[in-house]
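Have a look at these structures, which come just after this line.
In what follows, chain A forms one complex with chain B and a second complex with chain C.
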Partner chain A sequence: MNAPLDAAQDALTIARRQAEVVAALRHVVPEHCVMYREEEVRPYECDGLSLFRELPMVVVLPETESQVQEILRLCKRLQVPVVARGAGTGLSGGAMPHAGGVLLGMAKFNQIRRLDARTCTAVVQPGVRNLAISEAAAPYNLYYAPDPSSQIACSIGGNVAENSGGVHCLKYGLTVHNVLRVRMVTMDGDIAELGSEALDAPGLDLLAVFIGSEGMLGVVTEVTVKLVPKPALAQVIMASFDHVETAADAVAGIIAAGIIPAGLEMMDKRATAIVEPFVQAGYDLDAAAILLCESDGTPETVAAEIARMTDVFERSGATRIQVSASEAERLRFWAGRKNAFPAAGRASPDYYCMDGTIPRRQVGRVLLAIQEMEVRYDMRCANVFHAGDGNLHPLILFDANDPDSVRRAEDFGAEILELCVQVGGTVTGEHGVGIEKINQMCVQFTREELDAFHAVKHAFDPGGLLNPNKVIPTLARCAEYGRMHVHAGELRFPELPRF
Partner chain B sequence: MDSLLSDLRARVILAQASGKPVSIHGGGTKDFLGMKGTGTALDMSQYAGIVSYEPTELVVTARAGTTLVELESLLAENGQMLAFEPPHFGPGATLGGCIATGLSGPRRAAAGSARDFVLGVKLLDAHGRMLTFGGEVMKNVAGYDVSRILTGSLGMLGVMLEVSVKVLPRPERELTLRYAMLEAAAIERLAAWGAQPLPITASSWVAADGGGELRIRLSGSPSAVDSGRARLGGDVVPAAEADAWWQSLREQTLPFFAARPLWRVSVPPVTPPLALGDTVIEWNGGQRWVSTTQPAEAVRSAAAALGGHATLFRPESIDEARRVGVFHPLDPVVEGIHRRLKSEFDPQGIFNPGRMYSYL
Partner chain C sequence: MNAPLDAAQDALTIARRQAEVVAALRHVVPEHCVMYREEEVRPYECDGLSLFRELPMVVVLPETESQVQEILRLCKRLQVPVVARGAGTGLSGGAMPHAGGVLLGMAKFNQIRRLDARTCTAVVQPGVRNLAISEAAAPYNLYYAPDPSSQIACSIGGNVAENSGGVHCLKYGLTVHNVLRVRMVTMDGDIAELGSEALDAPGLDLLAVFIGSEGMLGVVTEVTVKLVPKPALAQVIMASFDHVETAADAVAGIIAAGIIPAGLEMMDKRATAIVEPFVQAGYDLDAAAILLCESDGTPETVAAEIARMTDVFERSGATRIQVSASEAERLRFWAGRKNAFPAAGRASPDYYCMDGTIPRRQVGRVLLAIQEMEVRYDMRCANVFHAGDGNLHPLILFDANDPDSVRRAEDFGAEILELCVQVGGTVTGEHGVGIEKINQMCVQFTREELDAFHAVKHAFDPGGLLNPNKVIPTLARCAEYGRMHVHAGELRFPELPRF
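Moving on to the complex of A and B:
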């Protein structure tokens, strides 16, 4: 996929510019924090979406908040674009560098500043790994609820930027529901605190708009997160279905019964076939789809909920039902779901993970449409996803060494996202727009809506130097993509069946 | 487009052209909050009705003028609720006013605030254009979350036409427990409970003869509520009395709330007693209603020193509100972002000018 950035600048200009920026940076951070030789900056050329690559002009790894302030002031003065980076696990190219810009790596901000079991809060630096927070809170029987599958690696700064979610989000909410306060540096080098350790803050809810803003509005330097008490018990039901639609109906049945499970995930037949040899979780390989449905809470609550959930699944036509009998078994049931991405990596030279959300009632129909696309594009696609909140993650298997395979994977992915919009959903549920889905933004939003997004961007970063060319497409870009003023019913692929 | 909508658009376009502000109102129930409106009234109460409701999607979409009463009774028929338990402050309260003020009720500390439940908004902007942000799905990170920033914006960025909110199943059972306890002890007790997996979904402390009274509400499956009760002791409050209690707290019909001025002090929940004046505590200690004649600066600096802020929720008089401002002053960097947001969304300043801060 071609990296659609600014017009290339000539090598000499870049070299001169690079020397100027490096020299300036060395005045504000120690020498070992600045890198610019190709072998030094190569590791930063992409995030978790390696289809988009670009070498940054300079990489800087600040160690203190005041260095971040100085770096941003300097970049503003020299008009250099800045891209913040956490752990680089993003899947939409959000942390992809700018060829003429500074990549601001926040990895050295890795301290848990304070963990207060009495107030159930932790104050952490942005480079702290998601899982490290729960590990630090474990001795107090507390944990940090949002649990992206990448939680061993991804940083809380990246989670804030992406409003990351995970298996527990159906019941415990996304990052936005679990972060109390963010301290950030604006492109002017000023510090702003959004939210507070009280339950709200005066004025507009800037924290809510900052979370999920993909590094476009400011650089996070500190985060206060909410910790929640660990439930006494968790158990998971694994249920098999012989049609994806029946499985999707069973999901609706659970919600209709007034139950909000701690996690409700679906894997289709292709996914279990890929994953089972890898993890040996004991998945039913004959099922068209399996559901993993978790209950957590007091032992009494769990017993009551598991009984009700089992009842719903039985009435929905589940062909096999298993309830985890031990913690080890619960983890084994989840292992396949949690390792689906690496397993896909073994089954195919490359895979492309999409991320769209649809209303739950459309799950069955959209999965069938994806099966039809598999035939049309002559490609395999596995589905493992957050069924409880309609957040799909189709994994398109392809071969990056074959340009035709890449092109088909790209078109396949775009068609899925546009279908999500068509059925009342969105082009991204949790991975962000980044550079990857910028064209589909033109499909989901009108010109006026994109204008409003630009307005938000201007209010925080009037000069537009933070993470430029990402997330919010320019009008020219949408015109090029061929879709301005797209309304329902005038989308691409008119030949597709309408739901 | 229906005639109500075209009328609203025409009025906004006219306001924009003439530079004459409009004062957006729903049911007029929260007129007391913030500074007085200065423009021509833009009445939203007729722009009402449920747009879509799909109980298994846990989402309801309604026009902004729909009353909370109508919305809540529809949800109740389906065993669901607005989990942030918004205060009405009168029978005419509308969904638009509820979201524009962003107020939440007793369940807030357990379930989240109004903004946590807003999934999407249709907005009429300063140019009379209709914009859609967010939608009806639970997870959505496409573009910036403008619907959440509209929550609590007091109508200063535009007119909300439709709102989609996430709803939740009503708990199977609820039970309220009561304890005789002083303020400091109640705050300690709430903090200790907060760090354990207990089904507490509301809490309050009020002064009472010779001390005070702590109440908590447990919600969940019958067995979870029973086991919570066994662990927590206390006296059971009869169901009807309990419902009336949480309602009178949410709607501020207790005699305590008649005091003027009435401050809302928002602090980290474990903060010890404020000693500013008579106090009612909610949200595990996070929300303190204070009746005091202390100067505004004293109340605000006390709140700020503790990591919180203070709102002059019900001023003694309009003059007082004008003199000291209703909302806590913003830090200069954050104020700058506010000013730019206002001028980007509403360059002519036609929407509820000065309602939140004089300069917006």
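Moving on to the complex of A and C:
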């Protein structure tokens, strides 16, 4: 075989295919909406998970819903894979392009169609930024509750695809709890509306299955969101603990007392040590872990709730407790938490942000196991996380220029995620599966459960054209991953104990 | 054709089929678990919607999960339809048997497997009664929040099938918000676990699509529920209004103020007039509508919230406001609401309880339209409903011995449900679709949306053996229903405006 000849042949085939798709697209959208030159498509090569990159064959930026319908019909007819993209801030590669596919950018769908303060709802296009909804609602003293850290940039369409969360999701819910209705285009080019403004919808709950489906089931063209009133007051408690297990017990104590804080975050000693020099938040650097616990509402309810929270922390053995005395102090307490990622970037050449979720009662155990792994992998890991809902964000510090360091960071990360599954948790909290965690899905689910995912995916997109090779692993891939993990003659996957 | 001969031939065919299925079932479950004689299967002929009755061919009451697996494998092999049944309290015929099928009763799955007060969770079998969970959790000061009126009898498996609600669901959510994990058997006899104890699960949210799927996707064998702490105090406000629209505006005002009451119920004048002689709750019989609005929590938060609620009601023009001064008075205020159905049974020979949901802003408009329909159909309708979440329960009073009265009641009910769709609501709130509302599903959804339902159903149960001919209408059925409703040369369905 002549390898260079083969490569040339492949390039020719791709170029012909590209020309065919570009020509077809120009029949259904204006010429300026179709891009295919390398310099045009390069900006779309990855999302927030820049470790994985791929140039799309074509990028198309439709301007109307009927253009989206036409594009999907055309791609179905030509059997071209389609990857939809919002703002590209996703952290698991959900919007990474397909080399032989169309990257469908929804950035031009950026209008807030309706904002109704009386019913506390807004109807928005998918390209509208998360924060822009709250900004538009501010004059009515309302806001959109889910607040991923990327909220200044990320789009509501992407939030729907990933079922995004944020610091407030413990009290106010994930995207799925704050979206009432989604209008979407199927791979056949048909329109369907899922959900309703009423509390429950008849038939199967396809809205819930659609939210978090990472672009595998259809393309969102309109979203009706719920708006909630801005609380009159918010205060945050900063509490220090001598042991991570004690801090974890305090978290369980808050929930067991029937308190749902507006935010309940934990940072371990490694994290505060990294963050404090960067932001001077006033964190207790002697503590093994600190908790940030927020109450919001009317002044009366906040006062009562702060008193109850303080009581739980005291009984749980907090060594220091401080309540924010002003809005400026509250923001300063949060500043460290919100800047933990950039601070990690200053403390280490690179960091790998993991995202797993565990039952709250396992928090102490998992943190101790991570400490043991730090020794074993000879790497540092800072833990910053949404303690109230058990969503861990371990930040593994590594050096991308050292291949051994990269390998150890990847193994370390995989071991953390698989421990999450072992203790009854999941391999993703709010960042999605995308391409990053597709192997861990083999650990998380049984063959029958993966079959059910494939069947539902097939129900919406029998040709498998929407965001292919992501989120749901094939059984072949799981078998391959399983084989990769035979250690000392013992098959570690896919049979892990569940408890 | 000789009709009696045909009938005899049919009976013989059914008897042979029955003998075949009974013999096969006896291979996989003990003999006492299989019933087929008329006197044995008669008790299963209907659920709470007794208007529709059918004798099942066979009733089987398995005792273990592996028996459920064997039964489903066997039914798949023999192509026998399967209808699963909990306590049979459903109101839309979801558990009505199939004449040629197996009725799979889950009553023997009645164990609470684990109750963990620290994590606020319980693992229960599907036949456990809703109230039994709260009773078991009471020593730990916890309870299971969803409280359908039938909670003394209904089973958690049935609650999962119907996504049941209750008075508290405005604040505490529906079944889907209070169930963390479901273990189920597919029609292939495989086990799958949907959901997890973590806040979010990776992959498609099949737990949400399963909850409320009315027995069409699989058979539940174990449910992990969330328990919540019992509030220290609850108080209820009873507020009177001169017009139903003013009462509806007050409901919107409560929500717009950011208050989520523990319950927010409305009764119109017709309803209070029926209920008061029956329970002496002390209702204001001069009011066009009364609201019952509950606050629960710590004494401090309840005091603050009751003050805010009172303020909203005063500004909305309430003509009388009374706050329960004791637990006895609180229960007396609720007694009328909770006994509205039996009271309707005393005021009229029969009543038909509807269940539709509308956006809150449409409550006043829909109540006025129902008043207009009362005149047009010459029938009385009492309105008792979950105002906070827009879930109407109009009680149409009729006489089942008068065929004209029955016909008018049915038409009246259908017109109410279709009005719910027209104003942006849905044809069911918490009672499910079952067989009762299958025609209205044609009004609610487009052809593409029904296609999506069928595709997902097919993904789980390609042979269509689980609870057939319910919930999702075929397009042929919709076409037929559409034809039934041509009035004055004008096709009323399926094109209704949506707004």
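The rule we apply is simple: the second predicted complex is superposed on the first by the 474 of 499 C-alpha atoms of A that agree within 3 Å, B and C clash if a C-alpha of one lies under 4 Å from a C-alpha of the other, contacts with A are read in each partner's own complex, and residues count from 1 in each chain.
Following the convention adopted for this analysis, a contact is a pair of C-beta atoms (placed from the backbone, for glycine too) under 8 Å apart; a residue touches a chain by one contact, two chains touch by 3 or more.
Keep in mind the model is a prediction, meaning the values are calculated, not measured.
Of the two partner chains placed by the overlay, neither chain B nor chain C lies in contact with A:Val375.
Of the two partner chains, neither chain B nor chain C is touched by A:Ala476. Contacts of chain A with chain B, set against its contacts with chain C after fitting on chain A, overlap at residues 117-120, 163, 165, 169, 174, 176-177, 186, 190-194, 196-206, 208-209, 211-213, 229, 231, 252, 255-256, 258, 298, 300-301, 303-305, 357-361, 389-391, 424-430, 432-433, 437, 441, 444-446, 448-449, 452-453, 455-460, 471-472. Interface of chain A with chain B (complex): residues 117-120, 140-142, 162-163, 165, 169-170, 173-174, 176-177, 186, 190-194, 196-206, 208-209, 211-214, 229-232, 252-253, 255-256, 258-260, 297-298, 300-301, 303-305, 357-361, 386, 389-391, 424-433, 437, 441, 444-446, 448-450, 452-453, 455-460, 462, 471-472. The residues of chain C lying in touch with chain A in their complex are 117-120, 163, 165, 169-170, 174, 176-177, 186, 190-194, 196-206, 208-209, 211-213, 216, 228-229, 231, 252, 255-258, 298, 300-301, 303-305, 308, 357-361, 389-391, 424-430, 432-433, 437, 441, 444-446, 448-449, 451-453, 455-460, 471-472. Within the complex formed with chain A, the chain B residues making contact are 54-58, 79, 102, 108-109, 112-113, 115-116, 125, 129, 131-133, 135-146, 148-149, 151-153, 168-170, 172, 191, 194-199, 220-224, 226-228, 266-270, 283, 286-287, 307-309, 311, 327-331, 333-335, 337-338, 340-341, 344-345, 356-357.
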